[in-house]
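Next up: the structures, one after another.
Note that chain A is present in both complexes that follow, paired respectively with chain B and with chain C.
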Partner chain A sequence: MSSLQELQGRKGRIITDKDAREISRVEELSYDLKVNEVMTRDVKTVAPELPMSNVLEILRIGRISGVPVVQNGEMAGILSIEDIVRAMEKNDLAAPVDKYMSRRVVSVNNYDSVVKAIETFSANRKGRLPVVDENGKLVGIITKGDITRGILNALQRDYHEEELRRYRASHLFEDITSDRTSLILRYDIKARDYLNGGQASSHIKRALLRLGATPQLARQCGIAIYEAEMNLIIHTDHGGTIRVQIEPHRILMQTTDDGPGIPDVTKALTPGWSTATQEVRDMGFGAGMGLVNIQRCVDKMTLDSTLGKGTKLLMEIILRPEERFKETDDPETVP
Partner chain B sequence: MNVKELAGIVNGNVLNPSVSLSGHVKGGCGADLMSDVLASVKPDAVLLTGLCNVQVVRTAQMADVRAIVFVRGKMPQTDTIAVATQEGIPLITSPFGMFELCGRLYQAGLHSLEDPVTD
Partner chain C sequence: MNLQEIITKLDLAVLTHPKPFSSIHPTGGYTSDLLSCVIAGAKPGNLWLTIQAHNNIVAVASLNELAAVIVTENASPDAAVIEKANDQGVTLLVSRDNTYQLAGKLWEMGIR
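For the complex of A and B:
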């Protein structure tokens, strides 16, 4: 206990990025998780005409502090240990439940988020809340303990899935020894497939993040390759291919197509110059900014096009020392 | 502010409530031209737009946009909502126009995250 106070009392305590990430994930989960995912479904209930002395037994055996009162499948009230104490004070334990139960029941809905339940707990100072469905029928009960357990379980699930993927991928370059390791991703892009436009870029960005790329690097590559992917969809005769070569020190991205080719490459590189149709412009593209955007994102861009033959666009990003993927023999990673 | 608070400020209706609304929004960007967004927006912005197709979501994903607000009560296509849900990007539709939305969000403390696109 004293060490906890020390920690909290120390001014300027540094919360690491890792702490912050975990706090916000718990917060996120309390929005994502629904009450019915964490509640207890097997609820003990009592009938309104049951004598209070019987309820006392039920609470004692079940080691619980309150039960919902149900009549004909519907919630009629809730009876807590305090109500039993009141009955005991009057020596009235033979009285039926409905004489002492509270009829104003605070409940939560089964599809409410867990954060709603937390708010309801703190607003009403209750230890347990009945959970009802959209017809007001009792379907479960939720305590603060259920919420803690539910969030911990979800955190563990998340952690395992994504961490495992990231762990495996981020160690790829470290785990494999070669004189020159590179990972190549290839995607076939269809012409005019506007609906799936950006899907390949989305996969590429995610792959880079899993490999341990910084968010800035993944974003830079993502924007460049997305513009290039849209160019394949918008301008080519038969679509084309994307090839991404990831190496510890650089990323090479390339799009290739077989036509129609660019008549005037210099013009194509002029900001605002475009041959796009109205259809494409209506989609928010075709403003003649694509290649210009790509140039801003990469260290080197080469556009090679022959009219009637096709176009090859090469984009290269040289990784800064802190962005590099870790390698086995990388002297900088040796402590 | 987080996305949930933002949705309140714009009188918005969240179109994919199953995605997390706790993402932190640091500023804003308003545009209908996706190349402009890709060229100018800094990470963690909210994107205000009148464009409703899937490319809005892809653009947001590439540019690390935290939420998309459709102006003037526009409703995106179902494909757009499906992709956004899959990628975890909140979509909000607001009855206000672009000008009103920028004003409200600016007043609530959100500033521009648009860089000038020079050259």
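For the complex of A and C:
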């Protein structure tokens, strides 16, 4: 119940992008979740020959508003509180169930997705639906309440998993004791692969955020890597590699390729200077600002290039005290 | 001025999944068709006006955490670009106006 209250309590607040993602996640979940994951399995059933007065008692004790009628293991119908009211009006509570039950039973399959059940609810104006297996045998019952609870539980699981992932990643440097811990990420970049341009940088940015980096630091690294990544795509003969070494006190980023090499490194570092072809410029690249942007984002940049051999670009960010990844305080105390 | 008002008043087409636009308040705008200039010049929460419609605008918008990309002159990003934008939570809008006209209108509306 508390998760329900939380959701309602947030209504008054401005919806952030994160909330919007959760809303669409609910829709996604109604497709992912299967009826048998949310239904009630312990179903009360009645036999067709049972007197209506007994059913009234069953409904009252179980605080339910309807029961499936089963004969020889097969669904024969469904009896709801409205049927009992009809019998009461006629003072006919001694009559058997099959006199008043509804024989036209709308049911859902246990392997249907929850969205199917939602559609069936709204199409038939039913409060509950019997759930049958592939042989038509009754295996459970589902109400709108079951669906709400199922989705809330799934959302909570999702949230918990993401929290756990973030928690684990952000404690990486604390949990692992060594004299010098570093995490190395490598990405292979293909030449001319404009379609996937920016993918490595966005993965690196996400990894840094998971590790607990400040958004500003993650953005800085993302931009530096993006420009370096696009340089590999636009200018190299065979692509290259990106290597990011994350340490508690600094981040070292390096791109390496095997050609063609930069003829004039000084010129390459001049704002606005570019060797990009017209075709590439038409796509918006080749502003001659890539290396300049990188310099702006990192503390130290070294460009080492040999014509005919290749280029190595080294970028280093020294983390400010508040940006540092937490390490174990005292390695001796850890068993 | 929130993004929903901007979309309505300027009759912009929304290509990506809807978001609660009325709670997004653009922090300003930036105009360039050169991606590296945008990376250097646009600030988080800005609107970016460009005629570029290929998939790298998504990477740039996501890196810079822009409020939205407004593609001008009815240039239309293809389905793969829109899908990538949805994946990365980037909002893509399209305007009939050219970049100059649109920037003028946004300026008049107080996005500065």
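Operating definition for what follows: the second predicted complex is superposed on the first by the 172 of 335 C-alpha atoms of A that agree within 3 Å, B and C clash if a C-alpha of one lies under 4 Å from a C-alpha of the other, contacts with A are read in each partner's own complex, and residues count from 1 in each chain.
Note that contacts are C-beta pairs under 8 Å (C-beta built on N, C-alpha and C of every residue); 3 or more make two chains touch, one makes a residue touch a chain.
Quick caveat, the model's predicted, so the values are computed rather than measured.
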Check: A:L195 contacts which: chain B (first), chain C (second), both, neither?
Finding: both
Next item on the list: Please indicate which partner A:A123 is in contact with in the superposed arrangement: first for chain B, second for chain C, both, or neither.
Entry: neither
Notebook entry, point to check: So, does A:I61 touch the first partner chain B, the second partner chain C, both, or neither?
Noted result: neither
Margin query: After the superposition on A, what does A:E227 contact: first (chain B), second (chain C), both or neither?
Written below: both
Margin query: Under the stated touch criterion, which partner chain does A:E27 make contact with: chain B (first), chain C (second), both, or neither?
Written below: first
Next item on the list: Applying the touch criterion given at the start, work out whether A:K205 contacts chain B, chain C, both or neither, answering first, second, both or neither.
Entry: both
Check: Considering each complex separately, which residues of chain A are in contact with chain B in the first and with chain C in the second?
Finding: 24, 194-195, 197-199, 201-202, 205, 219, 222-223, 226-227, 230, 283-285, 287, 289-290, 292-293, 296
Notebook entry, point to check: How about chain A: which of its residues touch chain C in the complex?
Noted result: 14-17, 19-21, 24, 194-195, 197-199, 201-202, 205, 219, 222-223, 226-227, 230, 283-290, 292-293, 296
Check: Quick one: in the complex, what on chain B touches chain A?
Finding: 4, 18, 20-22, 24, 32-36, 38-39, 43, 51, 53-59, 61-64, 79, 87, 117, 119
Note to self: Quick check: in the complex, which residue numbers of chain C touch chain A?
What the structure shows: 17, 19-20, 23, 33-37, 39-40, 44, 50, 52, 54-60, 62-65, 80, 88-89
Item checked: Residue ranges of chain A in contact with chain B within the complex -> 24, 27-28, 31-32, 194-195, 197-199, 201-202, 205, 215-216, 219, 222-223, 226-227, 230, 271, 283-285, 287, 289-290, 292-293, 296
